[in-house]
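Note that the chains take the letters A, B, C, D, E and F in the order they are written out, and that residue 1 is the start of every chain.
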Amino acid sequence: MPHHRPVDAMAYPRFEGIRTFMRLPHLAEVERLREADLAIVGVPFDTGATYRVGARFGPAGIRNESMLLRPYHPELAVDVHAELSLVDHGDLPVTPGYLPESHAQIAEAAAGVLATGVTPLFLGGDHSVSLPLLRAVAARHGPVALVHVDAHADLWPGYYGGKDTHGTPFRRALEEGLIDPERSVQIGLRGPVYDADDVEVSERLGLASLSADALHRRGVDAAVELVRKRAGGPGPRYLSFDIDALDPVYAPGTGTPEVGGLTSVQALRLLRGLAGLDFVGFDLVEVMPAYDVGAVTQLLAANLAYEMIALAAVAKRGPA
Amino acid sequence: MPHHRPVDAMAYPRFEGIRTFMRLPHLAEVERLREADLAIVGVPFDTGATYRVGARFGPAGIRNESMLLRPYHPELAVDVHAELSLVDHGDLPVTPGYLPESHAQIAEAAAGVLATGVTPLFLGGDHSVSLPLLRAVAARHGPVALVHVDAHADLWPGYYGGKDTHGTPFRRALEEGLIDPERSVQIGLRGPVYDADDVEVSERLGLASLSADALHRRGVDAAVELVRKRAGGPGPRYLSFDIDALDPVYAPGTGTPEVGGLTSVQALRLLRGLAGLDFVGFDLVEVMPAYDVGAVTQLLAANLAYEMIALAAVAKRGPA
Amino acid sequence: MPHHRPVDAMAYPRFEGIRTFMRLPHLAEVERLREADLAIVGVPFDTGATYRVGARFGPAGIRNESMLLRPYHPELAVDVHAELSLVDHGDLPVTPGYLPESHAQIAEAAAGVLATGVTPLFLGGDHSVSLPLLRAVAARHGPVALVHVDAHADLWPGYYGGKDTHGTPFRRALEEGLIDPERSVQIGLRGPVYDADDVEVSERLGLASLSADALHRRGVDAAVELVRKRAGGPGPRYLSFDIDALDPVYAPGTGTPEVGGLTSVQALRLLRGLAGLDFVGFDLVEVMPAYDVGAVTQLLAANLAYEMIALAAVAKRGPA
Amino acid sequence: MPHHRPVDAMAYPRFEGIRTFMRLPHLAEVERLREADLAIVGVPFDTGATYRVGARFGPAGIRNESMLLRPYHPELAVDVHAELSLVDHGDLPVTPGYLPESHAQIAEAAAGVLATGVTPLFLGGDHSVSLPLLRAVAARHGPVALVHVDAHADLWPGYYGGKDTHGTPFRRALEEGLIDPERSVQIGLRGPVYDADDVEVSERLGLASLSADALHRRGVDAAVELVRKRAGGPGPRYLSFDIDALDPVYAPGTGTPEVGGLTSVQALRLLRGLAGLDFVGFDLVEVMPAYDVGAVTQLLAANLAYEMIALAAVAKRGPA
Amino acid sequence: MPHHRPVDAMAYPRFEGIRTFMRLPHLAEVERLREADLAIVGVPFDTGATYRVGARFGPAGIRNESMLLRPYHPELAVDVHAELSLVDHGDLPVTPGYLPESHAQIAEAAAGVLATGVTPLFLGGDHSVSLPLLRAVAARHGPVALVHVDAHADLWPGYYGGKDTHGTPFRRALEEGLIDPERSVQIGLRGPVYDADDVEVSERLGLASLSADALHRRGVDAAVELVRKRAGGPGPRYLSFDIDALDPVYAPGTGTPEVGGLTSVQALRLLRGLAGLDFVGFDLVEVMPAYDVGAVTQLLAANLAYEMIALAAVAKRGPA
Amino acid sequence: MPHHRPVDAMAYPRFEGIRTFMRLPHLAEVERLREADLAIVGVPFDTGATYRVGARFGPAGIRNESMLLRPYHPELAVDVHAELSLVDHGDLPVTPGYLPESHAQIAEAAAGVLATGVTPLFLGGDHSVSLPLLRAVAARHGPVALVHVDAHADLWPGYYGGKDTHGTPFRRALEEGLIDPERSVQIGLRGPVYDADDVEVSERLGLASLSADALHRRGVDAAVELVRKRAGGPGPRYLSFDIDALDPVYAPGTGTPEVGGLTSVQALRLLRGLAGLDFVGFDLVEVMPAYDVGAVTQLLAANLAYEMIALAAVAKRGPA
């Protein structure tokens, strides 16, 4: 079985070539994902957005800024290409403008990806895509511990008279038993909300949470500790990362920015703090290139995806 | 009955104040539209977009750039505020992410506006909104002569297995008898299409058309003449203007730009050439601020809306 | 008396509608401000700027980015719309290019606003507008404790041979007895200055100050403590916040950016630290949209204005 | 006497060096202007602007984009550096925020420049600067034939209760006898105005004009002919060029853009059509870098300045 | 042999998928180019640039904006995918910062591409790449008729003491006998030059030329006629298109912009006027995404590449 | 001997005048540098860049944003113009596209500058320019202690088969004995690298280093202490500062941005922590205006240059 790697940066300088993630091989046929340990999978759907819109261009934008990434992660002391066979699967099919239909398409295609045994790293798209992704993940692995990094809890029962949007996926997922609230945790919540219940809903539904304000006061290590305590035990784990967890200065290219968010250093440390845990899947959502400036959001997103890959590499390698 | 006008630019410089269109009075109650001859009405819906998305911010963007407009139109020799009582109604309610539901909301609200007797100038939104708008218009006035300025014919039977999008409104409108093809005309079509039938479909369905290429070769007067010949007779007339009729240099802030389009001078002349015709309604769609540069698209759109207002003013005044 | 609130975000999604602040009712008649507890009031004057210019578009820009704000403030545990009747008064009249005339217009109009008993939250405009605003405030309330957050002391005796600019308002205000130096404090000063006296002038004139460098070293709590110690006692209090207190990365859209400034998190904490104090007025100045990138400055300014509203809400509610 | 030229582009590539116009020698002492035939002179004053503001950065912006200009003008067959000793004088002193004081400073400094016998090419600044410039010019040369290229007539009696702004300079100049209306002409006027009188005022005051619309219909040659007929005879001539004569697509970086303006090709041809006429001075105003996109306005302005230099070169060389 | 086509836009909306040109299959192995009629080939080299630099990102930028292109060309009445098997070969290897080494790499790799019999459409890169490309082309086909569309003649003997740059490729090509001057033609030259000889050099070296100014005066048809007269006869033909032939407003994203250039409509007509001629290769150079605004340059470049593909399709189909 | 200072900001507002650094006198003749203590010297060369390119516009960009700097540094309590005679020498000649030739030009010109006894503050350009600069510095002063602030170690033996680039200067400098590894230190390294050896290479070659991650954990004071311990003793010292040491949010305008970098406050404190040490020269490299947003990178770079000037002023003044 081939071990897939990017093209060589010394033969083809990093500004060259077709923009797959990190210039990895593009394996469009789902069956061939068996050749890989981890696959980048775009989910360019944004019809669930309630304010700014355009995350359909997120996967292309993140790929575009992933050219500078290199094999060896100094802080985690791991060479991701040595440990993992990595590929880019391209994007899942969706029907823009039609949420229920697209969610069905996404769930079905994601199930096909998961069936190959590959670990998927999904690039959104708006956060509504996490619902069909979790449906596929839970169908294969059972209810998961959710590690959810975000400015918003996304636990609304429905918008505009009950409609599903990017503000509702985890409410649905809880109702459907896709995630195990006792093993789940939300990091980074902040900003004004509709009413006092919005603050209490996480806890009431059984999840733990650490607000951005608390993280700023208590430090990233407190967040790492909480995640490990809640989600670190046995059972499948899934990481869902909304780029708006970062402050708008670090991630202007997103749909519902909230001031007072994480810095890039905090986000990197949070992810590095999870080294050793294995995840059955990852998603990174709400990157919106049309609102980005200087591509800083897309570059940061590419780096966050790289950190997730490094987590998978460390988990596969096992204890050093 | 009050005659509504903007605030005075000599007392309140034009950078001041709340951003209604031209700083007109904001009459949010539909009943009060009886006080106006023409009303600006936003339709911030963009779930029908198939490529770039974000026209939901179009109405706000156009209002923002309308501050520089002044009362007197030198070429048509008409003072729009002397002839017309003008107001801004704000935006119609929609449900982002849900096309059929939103189309129903739009059609119902538009019917309410039309019932007051005011002439509406709708600011989109993507071009799919023209379908519910035409449903309301035809319900009140009967089938209309459509004057359609656009890079694309928007006559597709359906996308992605039959779905309605911003590429299908006029096919639906023809099927539903909302527009009279014999009195209708399309101006500005261009760009590569899916197959040869896309070029012939306008004619096959009974509409006349003049491509951008033909307009460039034969001049704007040929377009004016064709519109007047087709749509100039008795019966209700509706003008639907997609900003992508303009070249991407003049209108970068749009969803599916096509090179080789109209210049601003051609667009202005085309509209001025229709002076004397009265319209039962207007729409101006596909302005997408997130893709605009230097606000040129939004400024141009504000001016095109002003030209439509001037057409209504000239029509009301009658022959000079 | 009506209790004024924004339009409902579930019926009208947040990208809809006329851009008043938070989509609050627009009460242009000064007499009607009696119906409100707090009013947003634009002061779009920028002729006092000595380097970059364009803060006349500040109020419109801040309104534009205030759409995402929601009623409930989790950290202060207050629903601003439950506590306060809130409205947007629009902008005060000014004469661009004519500073003395405009200052007279501003002082007179501000006096009219204050006479209704409403608490004003003024959106500048360059910092020179604080002088006429303080004239109106002090005329009603007597000399105020000034809480001044800024990169610059704005205490220059005059520019270019004695002229008033945005660098001089508080020197004038001290000379005119509008502010009580013993109860006043400046937070965030930094950057190279003209000479050593510029550093000492605050203290020499009787104000206390904490530089940005000191704030970074000693923490936000030190700043909060200093403000409370100086300005926390009896007597009227006024908050003047120059957006350039923030680092240029958080607030690129301003006129005289200085590196090394506050982060958004520091600014939020500083304001939240003042909860319980009531203010007779607020201003937020020097937001310059033409220099903004990705609207981050305008979004942050909208949030800082929201924090000021929350301070007013907490003060009105009284001890929890 | 030295013949001043730019640095050599083959020794110092064109991206190198201090940004004087075309990298010409910077002669800051007014007396040394006797060494030059033509001098670039910045007038960075913008307090007269009524809408957008920021033309104070115009001279620096134009200089920045002048690096690509080269010596030989193919269409006019003239080497500007062979014919003319060219220098950059830097900027005249102004007092931002204070119009009357600044106009006095400008008039006095411009008089000093003119006294050296050099031909000045002034870079604005807003259009209000043309008034003090014409005061200095007329004091030396007597009333001039004005060739005025602009979207706006700038003949308003006053704004906001009689104040001078960038909309009034030529009304004042006519009243003061600085320009000879019978020999003067305005090219490019367009856009909605305040009332019908705004259209007739040029003619009523004795000037000739050709609107942008007429220019588009009748061709640039008609404009050239009109200018030559009016202003081509004996007596001093002055050229005042407002960049907003161009369409906003060609000149987005300006303060009061009007759609439907000239293209770059039309503007170049208009100026080239004046070859052989000598001018006692030139100004190029209303370039506003903060609103520019891709520096196209500044690059075009640098080229228009170059065309004016070429006109001076042709005039000095005399008939070929 | 497979007939290569893009993915289906009805199954995978056009914002989806890996960014090859038009989402064509990526055939990285040179041998597989035998399966194609025409191949997109990137040449991301920009070390030859003398002013702005960054065309190394040109191929990626053009690919990114090619998503909107569709199969059928209405004006030429040809379905490019029906006529041609089309693929994207990716980019040729280069060594950034090392011109002679890179030119050798380019020539060698281009020779390999040409050896498969495919028609290459090269996407630059700066214009210096045309020299090694012509070396490979002439080695296979003999001296070619050059159709050169550009603002600059690129015939300089050398820069900075004789060095090769993007201003010298065609001088070298003439000296090496790669192009036949008698059958060659340059279209679009303009702008100030170093001296009078720069204007005469084309003719002196035996090429014909039509300046932009002449094209504007005499019309595009004159340019088409000249090209057909010079280059339309027997023998191999090569088209080299520098995006700066367009006006900076249409192509701001380039390295040495010159005002007064072609409009998009003129450029499209020029290329369409060549229908029926077959070319042994094409290049499209000097697209510089970092200087683009709103992606208009990249979108236009993608369309110009499409026009070249259509020329190949018409030539293959033969007379209709 | 004259003491050189900037023009007076009260007579010429800071937006006025020719853009030398801080509006200092431009002394282009190298001999006249004897009149100065410290000279700004541009080195606009970027052919060594391996990814994004365009640092040739760095010196002009930094000068453009240096207008806001003022004489007195409050934290270091020093008036830079009182202590130092300061001038701007303009830019050194280079040959774009030709690295070895340009390096020779730079070394020779830098030697001429150093021969006058002035302390140079070089503004790059890409980091490859530090090699010829160090050659000139070491030729005059002997091997230097290098204080190197950067995201990257720039110690690669060669790229693309051994070529010199901006990733190799300090490897060459070590090999040539230009820097004393035992007295040298690297601050800010981070990001994924090619392999584990890239992390160890600094130490193996004898340099000390503190990664950005370590700096974030241990604080800026740890970095200051390390620098002082290594480089604080006797012997010449040289400071090389790559702007990408800063996080991409603070310095988006650079060529190879790495997330997780220093904040502006950390960078300022690091430099201020070195007060009292004298340096024989400084460079500040990799500022790339085409990728900047809101000029924040260029403004920060101007401030970092100012901090270096203040270091020179403190060193000259001697202990307070």
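Methods note: a residue touches a chain if its C-beta (ideal position, glycine included) is under 8 Å from a C-beta of that chain, and two chains touch if they have at least 3 such contacts.
Worth saying up front: this structure is predicted, and the values here are computed from it rather than measured.
Of all residue numbers that take part in the contact between chain C and chain F, under half occur on both sides, making this a different-residue interface.
Comparing contact pairs by residue number, the interface of A-E is reproduced by B-C among C-F, B-C or E-F, since over half of the pairs coincide.
Of the two chain pairs shown, A-B and B-D, the one joined by more C-beta contacts is B-D.
Chain centres here are Cα averages; for chain C and chain D they lie 40 Å apart.
In this assembly, the C-alpha centroid of chain B lies 55 Å from the C-alpha centroid of chain F.
Within chain D, residues 11, 13, 15, 50, 52, 56-57, 95-96, 160-161, 249, 291, 293-294 each touch two or more of the remaining chains.
Under the contact rule stated at the top, the pairs of chains that touch are A-B, A-C, A-E, A-F, B-C, B-D, B-E, C-D, C-F, D-E, D-F, E-F.
Residue ranges of chain A in contact with chain B, taken from their complex: 46-50, 52-54, 56-57, 95-99, 101, 160-161, 163, 165, 290-291.
Per the touch definition, chain D reaches chain F in the complex via residues 11-13, 15-20, 26, 42, 44, 56-57, 60, 63-64, 88, 90-91, 93-96. Residues 50-52, 159-161, 190-196, 198-199, 211, 213, 216, 247-249, 252-253, 256-260, 291-294 of chain A are the ones that touch chain C when the two sit in their complex.
Interface residues of chain C facing chain A in the complex, by the touch rule stated above, are 9-11, 13-15, 67-75, 77, 79, 249-250, 264-265, 268, 293-296, 299-300, 303, 306.
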